[in-house]
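What follows is chain A paired twice: with chain B in the first complex and chain C in the second.
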Partner chain A sequence: MSRLKDKFSAQAVLQALAAPALALLTAFVLSSAVIAATGKDPFHAFYVMIDFGSKSDSQVWIINKAIPYYLSAAAVAIGFRMNLFNIGVDGQYRVAAFFAAVVGGALALPGVLQIGVIIVVAMAVGALWAGIAGVLKTTRGVSEVITTIMLNSIAGSLIGYFLSEDKLAVKDGNLFHTPTIPEAARFFLIPTSPDPIYGTVVIAAVIGLAYWFVLGRTRFGFDLRAVGRSESAASASGVSVRRMVVTSMVLSGAVAGLVGMPTLLNKSFSYGTDFPTGVGFTGIAIALLGRNHPIGMALAALLWGFLERTGIQLEFEGYAQEIVGVMQGIIVLCVVIAYEIVRRTVLRRQQSAVGAELSAQGTPGAPAGPDAAEAQDGKSAQSTQSKKAGTTA
Partner chain B sequence: MRRVTKLAAAVTATAALALTATACGESSTESGGKKNKGVGLAFDVGGRDDHSFNEAAARGTDKAEKELGVKTKEMTAGNNETEETREQRLTSLAKAGYNPVIGVGFNYGKSVNKVAKEFPDTTFGVVDEQSHAKNVVGMTFAENEASYLVGVAAAKKTKTNKVSFIGGVDNALIQKFEAGYVKGVKDTNPKIKVEVDYLYKESDKGFNDPARAKNMAKGMLARGNDVIYTAAGQSGAGSIEQISKKKGAWAIGVDSDQYRQKGLEKYKDAILTSSVKNVDVAVYELIKSVKDGKPLKGNQTFSLKEKGVSVATSGGFIDDIKGDIDKATEKIVSGEIKVPTRP
Partner chain C sequence: MSSESSGSSGAPSGSGQESAAAVELRGITKRFPGVVANRDIDIRVERGTVHALVGENGAGKSTLMKILYGMQRPDEGTISVDGEDVTLHSPADAIARGIGMVHQHFMLADNLTVLENTVLGAEKLYGIGSRARKKVMELSDAYQLGIRPDVLVEDLGVADRQRVEILKALYRGARVLILDEPTAVLVPQEVDALFANLRELKSEGLTVLFISHKLGEVLSVADAITVIRRGTTVASVRPQETTPKQLAELMVGSELPSAETRESTVTDQPLLRVTDLHLSAADPDGGLRTVLDGISFTIHKGEVLGVAGVEGNGQAELVEAIMGMSDPDGGSVTLDGQDISHASTRSRRESGIGYIPEDRHRHGLLLEAPLWENRILGHVTEKPNTKGPAFGIPGAPHLLALKEARADAERIVEEYDVRTPGIEVSAASLSGGNQQKFIVGREMSHDPKLLIAAHPTRGVDVGAQAQIWDQIRAARREGLAVLLISADLDELIGLSDTLRVMYRGKLVADADPATVTPQELGSAMTGAATGHLEHREEHREDGPAPDTEDAQGAEDAEDARDSDSDTSERGGDK
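Take a look at the complex of A and B:
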């Protein structure tokens, strides 16, 4: 109970809100400056964005767009929590979606069963693709940053090889795509007007809950975070770091495998040359923005959808097309920097509070008292965290 | 445990709220204007100044602005964008009252045909794709025929008996260029080796990556190829720049008469010819038909016969082999030569 009280004390709330507020304010000011520098009125731009972005069809569009972003961010975040930088989500989801589409187009099982098979294949292929990087890291010591980015490129070539008419694809106008998934095996839509919301939003919600529960409430999640904080400490307390590396890469890949599902099961029903690419990289930005938090990432994914939706309208209103890309970059930078500033400020205040307490006790120089030890602990934990942020940024 | 249930309840409530919020409120299509504002033109990646394919379309609208007095609204696709984004772009244009709305490039194939159904009173056009809806005009070109002719030119001009082809993306459309070119070369001189390569297997970045095209051309030149045909939209500028650095090597341009492109002026002496796709004519005809109140319908094919595609002669570099080109043209038009559409 006291923990809960601590969590919601005025100061804690202030601290929690300070960083996002600071980030949003800075991002707002900087974006305005950029728009003004292009010779346009920034306030009209924000008006257009809010007005257009809040329309009912925009809301649906934004939610549908955010689903793959959220899944992608969750996949990246699983790695982040363990200090693993999985840049390979992009390749993982594309390979996964491709083979899932091939299997889905070839089978004709009862609907629900086939959807299950497609999703399982996607997760398995994604897990396998990411697992390669995990195994290489544990057995050969190759950095996952290098392997995953190379596997992205291999994924592209692999798909390109199979995505031709004499192999696994059919020709449709100028496009090649895998055989279309039968109607029975498509995911349901949530009927809203004027356009429906993709039913795959449920998958995103389930993954969000699972992410929160497994990482925050289980022994496995604790081990994973422990390895992320300090490998040596974790292995000293009996956690097999190697197994954790492979397991979390596999998990990250399995979630990455789901990224293509909203498009595959709700929109395109096949994997073609026009299948979305680059969502894996968007996921990195969203995981950073959402601070690896299940709800934070959901908000970040929606924000991204909102920016992309309104960006087209901005172009329509005569603003430069690139403005939205600039805004996205500014927001991510502001968030990363703001959290670091708030963290340092809080740390400094804690330190001076501890210092004041110590000098009040009149024992300068003596490392006595539980407070001092705690402060030291807090400091070292914080510095590992900042090191981690440094590697991930 | 109680905390978990509480949280679950909160999540469900929020989700329900979000959904109800979605279902109500004005949609953006309801608040749009209806008056005809002119032509809505949606470019493919690379944009208006790609010196190639988009620019050809832009010439069509420029001409329409001048001669028909219509206004044009232009929007451009970004890299890595999805169906949803293309649909929204076209919807924005149609909703605002632009008519016709034209998607430049086969990427718009699906989205144009889909969005057109929601705006039955607007004429839509798509370049390089088929029409699947009543109010959609599909404008396709016989790129393979023009490519055959530049293949003949390449075969006549090579000294090393090695020529090459760079495609932007390995898809069915660009394969049409490759097929025609290779056939043209081989029909003229079967001993010539043709090196074929693509910038990207599956990503549209291929039409927007001059650096990669430059590198590829560098490799091809080093291997002794002395005529290189690049069909890769804006990327082509990269290979043309590289080829211009090597004496005696020729570049073949694509889509527009690239000898006459302002942005490529520095390298024009290396541009042997271009396989021209008269997208501008097609776009202009479509705009004119809408303006005249008799909008075109269905699929329109532009081949050598209709002068929908042609070979550029600017610079006079192929004047000496004009006879060969004309002969090949006649044979294609008469049907004596069947140019394949796939390699």
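Take a look at the complex of A and C:
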């Protein structure tokens, strides 16, 4: 029994490695083909990317870029684990960051306290914004995909409305932005050279840890995953599916509220018309790429940052600027397909292992019949195994 | 390709040796990962006969029929139709060869008429107008199907729908009809009507392949019987030369397990008391209909209460109301003195209700999750799955006890003889019987006071069936109260201490399982008999004659199922 268990865990490890390896290899080949098709040398492109991406200022840039990506992916992943598609992370983090910036710019509390208030406001606003979609889904049966997309637009308009001089913003040159957060209420930086790493990387780490712990180790996490796997089974097991939908949307929104914090507390210190947008959609790609796994998403976020950083350099070298976007798309597609292929293969293997186990054990409960079918069992099970490769087609 | 079969091969010899068989399967082998495969199947079906294919659940009958209907390709072996070797790539191929199939779950559009349903997809044959209508009526008359072409399918009962399916196959030119467990959805009286139709078809030279595991029926209608066990043909017999007992032993390979439990363990302590329960459900079109009406019963400690009924008469809703998955709008449910009428499912489970769901894939398992996570499902708040609040702080999130849950999953696998290579495999990779054994083990592990068992042995092999029955009996001796819902009347009669019959959302009759016969239960299931079913050894003299009563009953039953046909179809799902 334990030997078999080992085999399965070895299989699990193999699966964990096989899929990303397969995906990256395929993506590498396809990207090379695309670059070659534009008449450029793909190998030189990869050389440029690795060479430029590994420089120390690039490393810092990539890490800082990856922080909001990671938070955004975590927010999306909470929904994914629950079988909810929160496309609204984009709107949620922008509304959250905006109001957090407004509050932060208006208050003058002692530093640490004010940072806390800003973060709590951001999470609360994000949770509220996502909660609307959750409540609409449970009470009116409206798909969260529709509502969160619409809430994205509403978020944009809402911010646009308040982001003017006579409302909540100040004018600075041609740009409008919320009043600047006082220096005491800014997040710390980790002094690295040549540039510092944002201290908000700590928030990302805490969220990653909490994500892993809550989903994998707590009763609440089990209930959430159960609903994600089968609503009917979860409801029969005693989970209130409606409450779980609202709760997980609220949680997802709260994490989404944090997405704007690295920019707000480490870089811009105000919400202006140039505040980054679209990070919520990047989060969807990264959650897919990282398979909703806390470490997988971290690696995916870094990979994304790496591609964006090196994409700039590729342009200088005369490559088409769209190449990086194409690569990102190819990678996500390859990962999704590779994981599905590996998942199916593993399921088939497990099933045939179960079948082999059945035949090998025979059926001690049922006495042998009068015919030879019984005796054939072991043999044909083996032949099932050995011939399987040939018959899968 | 085909090797020499180990089982006895061929159909009954005799007539038709010189002419080609209607259908002949030789050396059919089909492999699936993890499930019983067909192995060297040899069947010869003579033209103009009713040929029965019997075998217990999971023996491979349905797979074989899917192969014959072109839905699956055999890995080895040959199929010949009318003496000609054929390769069937799709049902369309099979239909072109004159093979038609009536599935267990009907494939009809409810909002179309019988005529429209028949013509749908076969418009090229006779058009969609008067020519098609003429053909339909011709067929109906020729085979005495009693088709009413302009009635909406949603207004038809199960038996009528089945006839429409048969008509559809005939309309497409079928000369060989495959019927997959046609009697599973019928009450005994409707079965007789179906068999009359089959005899009619046979007399017109058609061939019927009939899948069943109900031996009495098979013996009464078939001209030849092929027995399948564990994926291979083990015998071909003639009905005149065999008995139900011999057939059963061929099917199982040993003596049949018995559901009998006779020593009574019923106590006088009521455990579950349901009083005047009422539940309405919304129809898809917005209307409200009553699905449970005035349900009252009491189950005592140590008692098994069996509920019989044609599927879709409110049994599933009753279970959901007692489990707390739907909120009743009237009446009360009391468990061990505590009113739980509106309690949450989780608190009910915590207070000692075990649940073996009717549809284990939808309600009993997380198929994609490993077995040990399924150990936690439904009992996430109970030992050994929980460590209580984090760091012992009240109100903190409760932690899972992963190690303990894993260990206990191992124990269930061991104690309940779940055949699996380990607890890390996904629940989906286990066979149905082993999934069920795991669920039974899980539910029994929390010492339930009340067990709700809905079709506990459906789709389960005979060995597992006997085990599950044993476990229910053992727990009953310990004072467990059981609400047993089953479509298997023998199981109900054998296990229950008290029997109630459900019809159109009401409990209409009760019976003593020691004396009642399946026939008598069947007639109450159609609504024909109500009150206490008193067993008569002789023909009834004081009541109406059973024949007329039955005919009336059959119609009533159909009406009942019209009103909630959607649930009956869902309910039939395995």
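As a convention for this text, the second predicted complex is superposed on the first by the 339 of 393 C-alpha atoms of A that agree within 3 Å, B and C clash if a C-alpha of one lies under 4 Å from a C-alpha of the other, contacts with A are read in each partner's own complex, and residues count from 1 in each chain.
To be clear about the criterion, a contact is a pair of C-beta atoms (placed from the backbone, for glycine too) under 8 Å apart; a residue touches a chain by one contact, two chains touch by 3 or more.
Small disclaimer: the values here were computed from a predicted structure and weren't measured.
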{"item": "Chain B versus chain C as contact partner of A:Ser268, first or second or both or neither", "value": "first"}
{"item": "Touching partner for A:Pro194 - first (chain B), second (chain C), both, neither", "value": "first"}
{"item": "First (chain B), second (chain C), both or neither touched by A:Ile312", "value": "first"}
{"item": "Touched partner set for A:Val239, first chain B, second chain C, both or neither", "value": "second"}
{"item": "First (chain B), second (chain C), both or neither touched by A:Gly39", "value": "neither"}
{"item": "Touching partner for A:Gly141 - first (chain B), second (chain C), both, neither", "value": "neither"}
{"item": "Partner chain in contact with A:Gly156 - chain B first, chain C second, else both or neither", "value": "first"}
{"item": "Overlap of chain C and chain B interfaces on chain A (superposed complexes)", "value": "none"}
{"item": "Contact set on chain A toward chain C in their complex", "value": "1, 4-5, 8-9, 12, 214, 217-223, 225-226, 229-230, 232-233, 235-240, 347-358, 361, 363, 365-374, 376-377, 380, 384, 387-388, 391"}
{"item": "Residue numbers on chain B that touch chain A, as the complex places them", "value": "11, 15, 18-19, 21-29, 31, 73, 75-76, 78-80, 82-85, 88-89, 92-93, 96, 106-107, 109-110, 128-130, 169-173, 200-203"}
{"item": "Chain A residues touching chain B - in the complex, by the definition given at the top", "value": "52, 54-61, 63-65, 156-157, 159-161, 163, 171, 173-176, 190, 192-194, 197, 205, 209, 263, 267-268, 273-274, 276-278, 308-309, 312-313, 315-316, 321, 325"}
{"item": "Of all residues in chain C, those that touch chain A in their complex", "value": "6-7, 31-35, 37, 39, 75, 229-230, 232, 234, 252-254, 323, 325, 344-350, 355, 357, 362-369, 373, 376-381, 386, 390, 397-400, 402, 417, 419-426, 428-431, 462-464, 466-467"}
